[in-house]
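Contents: one structure, followed by commentary.
Going by the order they are written in, the chains are A, B, C and D; count residues from 1 in each one.
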């Protein structure tokens, strides 16, 4: 059975209580909004990209502990990183969430998942979310919005 | 339990096979259409009214044995009669049908029903219809259409 | 009528035997959908096992039985609501939402002119907002909102001025977020004195308060079976016979026609006009059983029972959390029902609900399809607990215990 | 796959135990509504007993279970139809009729211009006619009819000329009156070669023939659960993801929005956009069980079984009544299903059905919501017998015996 402690790891509560990289960036930083229509979570991401590097990122919005901590953890993971690296992190994280998004309720046992966990470092704290399928959308909101931001900057 | 013989009395089958007063009347006879949307029964009634008397009536249309025999029986019952008498017959007949239209499936036992039956003569053959609630609409189609015709002429 | 024993009611609800995370379920989400008594389930089973057939056009026995069941449900509805014109005023739809769309697209599209105003309130469910926005787009009507006061009531202070151009007032009898009970009779008088009609969203009220359409003097009443101990898949639309007769058809298809040729069609009359296609027959059987069940308990008794529960819960919520748990809605039982929206300081409603789930406590987090109201109070969501006739004080105990954990966890 | 034993199927259907007028029921009205296997009834009971909750916005366990059941039914539908884009292409409505209205009022109203032609056929059910007449009224489209030949087939001899201006071809896969099976793939090619789309009314086909949307190359597919061993109150609307994405919303309310304010709303994406209000959750559970049941028997097996029954019945009807019983539909099993409409000389269909009822034989008299077809053949009604997977040759025996009585009675 899924346990609350799997979901609300200490690091998640920490990022929820003290979110990192909170705030706005002035233009020419790019601004993108994300939205979870089911629960009303909202996020606004500001990204500053220079020479293929995500030099700065700020976030505002509101949502549950999972969406807030996920966005905070994300910001620390991608800030200052080359865009390829950012995209790779996004892919790895979404992979982690997706693995079981399709198999509601099953336990996480696949080996690629284990490898992903190691690659994700602190972000791995969010792995427990997959045991709570309805909360996956909370965890991925920031990441989908970041993908959209990168795509918009690219376009 | 309702029995088929209650419904298909010999006199009903006779009027179905050899409908009386079949045909049309030329103007100034009044023409009225009736319609049962559920089963597709259709009837056209032509009435000739002179000095408060229904001097002639003709019918066309198509429908099941109940609607056809009911209209044929009706035509013989009202032809040549003063309008009050016609209206009274309509009322008595509809009363017979209505008594149990509201109490689906119950047996006919009320005393006013018995009196009605006597008043109706040959028409009483249709009394068995009330044991087959869905067929009541078939039996009353002609009568409702005649009421409408009289109202139209009146208006 | 003597009060019923809610423990016996609970015994009639199979789902109450569920054990969630090692604890008996504490179901506090009747505002979203009520639990289903055995007799309602059995009524539907009986239909499928003995009487299943399509309705209206059959001659054989089971088809007649199915028709009698379906039309009988219409009579149950009319009786339950004290509909002035009887069962011919009852239309069955798929849910309250379809009923509102029927109201907007049939009556609204036919009788409202560009510039005419539909007056709703800020505390409406989206079902009573979006169809009017759609009608605004297609027909140019204006949608105006009655504001909500800081103490969670309709703000009727300037209502006379707001009535300019209003042809329909459409308001919920009980808010699905605040629990507020609105003064329907007063609104009917107001609407009628301005030549407007009154539509009532009864989705949250019909299972919790007695409904008397004659006394309320409303013109339209809308609700769903699944919030009144009935099945999913059935909604009710009521209006007066003379209004119904004037309304053009909505959905087209079989059953709603008088005639069809390759040239065109003529619609049927009565409720059939609005019931295109095979209707929710089994659901009507279940709905009628739900009505019987509610009438057996007595709506006054249910209201009194839930009022007691609500009063107790409101008092204890106010006492036990040092202000960290705020009730978004009237603080006492004066004109309010058993829908209690909570805002827990520092804990997002999603997290509240998640922690509560761990204790088997079922509450609903979210905007409750009332985003304008959420925006009015600067909230994204609340965690909502709501009672039914099967609720007990022990449910409130479980709620408070679990809430304590939630508050501590995010402390 | 080996053929199933229809006697075992019959054993799964509780209603088959009914005794009507002293005889076991002979149910020959599956074309109107099919009988319900125990497993379908139980799936719905289980939902009400263990998993009942509203879907989509819950966090607690039973709400998640309800959501999984509801979304799982979408997957069942996608699998059953071999939908190219999976479950995201499945919209649940209340019945096939609502699905046609969705097609006409969302896709039709958005993408058809005045003068554009919707090509239906003379053998359509009113559900696939009236919504187009309504769209003609509101949007000025033209409704054109493919004629039906004297031998009960679509008359495609002049079809190329009829395609002028056509933007949508909307045709039934199997006639609910004639039993005729139409060449859907051919019609898809025809439509596509003229830049038009193809909508298929699968109401009569999905429970009797295998459906493969990839092979059929259709663009819309519509049907009802209650004609495929499922419950009343659920319809299916399928279209390709890219078409669905472009369609504007239809009914407005909760669940179909992305955002709502007092100023306006933005719609959700995916099937939710068309599922306003609480959906038919229990019915989805029953529908999924019905799909499982049909897939367990194997659609090819069902088709073969019913073909045998139909061939036998057609032969015996031709032999035993000296021409007094005429079949309104193809006389052999070539491209036709188990829907057999009868015209009994000198006996009105209502009377036929009434006499048959006395023998426990359930057939449907009437126009079967296909009045244009009735008019085409100069009939007011037929008496229709139709088979399901639980039908046996003994049902045909009972039909013929009762028919003999009807013929004699009115002799």
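Assorted remarks:
Please note the rule applied: contacts are C-beta pairs under 8 Å (C-beta built on N, C-alpha and C of every residue); 3 or more make two chains touch, one makes a residue touch a chain.
Predicted model, so just to flag it, every value in this text is computed and none were measured.
Set against one another, B-D and B-C show the most C-beta pairs in contact at B-D. Chain A and chain C have Cα centroids separated by 38 Å. One inter-chain figure worth recording: chain B and chain C are separated by 45 Å, centre to centre, where each centre is the mean of the chain's CA atoms. For the pair chain C and chain D, the distance between mean C-alpha positions equals 31 Å. Among the residues of chain A, those in touch with two or more other chains are 38-39, 135. Under the contact definition stated at the top, the residues of chain C that touch 2 or more other chains are 21, 57-59, 257, 259, 350, 354, 365-366, 371. If each chain is drawn as a node and touching chains are joined, the picture fits none of the line, ring, star or complete shapes. Touching chain pairs in this entry, ordered by label, are A-C, A-D, B-C, B-D, C-D. Residues 21, 347-351, 354-355, 358, 365-367, 371, 374, 380-381, 409-410 of chain C are the ones touching chain A in the complex. The part of chain A that touches chain C in the complex is made up of residues 1, 4, 7-8, 13, 16-17, 38-42, 62-66, 68, 132, 135, 138. Listed in rising order, the residues of chain B touching chain C in the complex are 35, 37-39, 104-105, 133-135.
Against chain A, in their complex, chain D makes its touches with residues 56-59, 64, 67-68, 257-259, 268. Across the complex, chain D meets chain C through its residues 14-15, 18, 20-21, 25, 27, 29, 32-33, 35-36, 40-41, 44-45, 48-50, 52-54, 57-63, 93-98, 100-101, 104, 122, 125-127, 129-131, 133-134, 145, 224, 226, 231-235, 249, 251-257, 259-262, 264-265, 276-283, 350, 353-354, 356-357, 361-366, 369, 371-372, 375.
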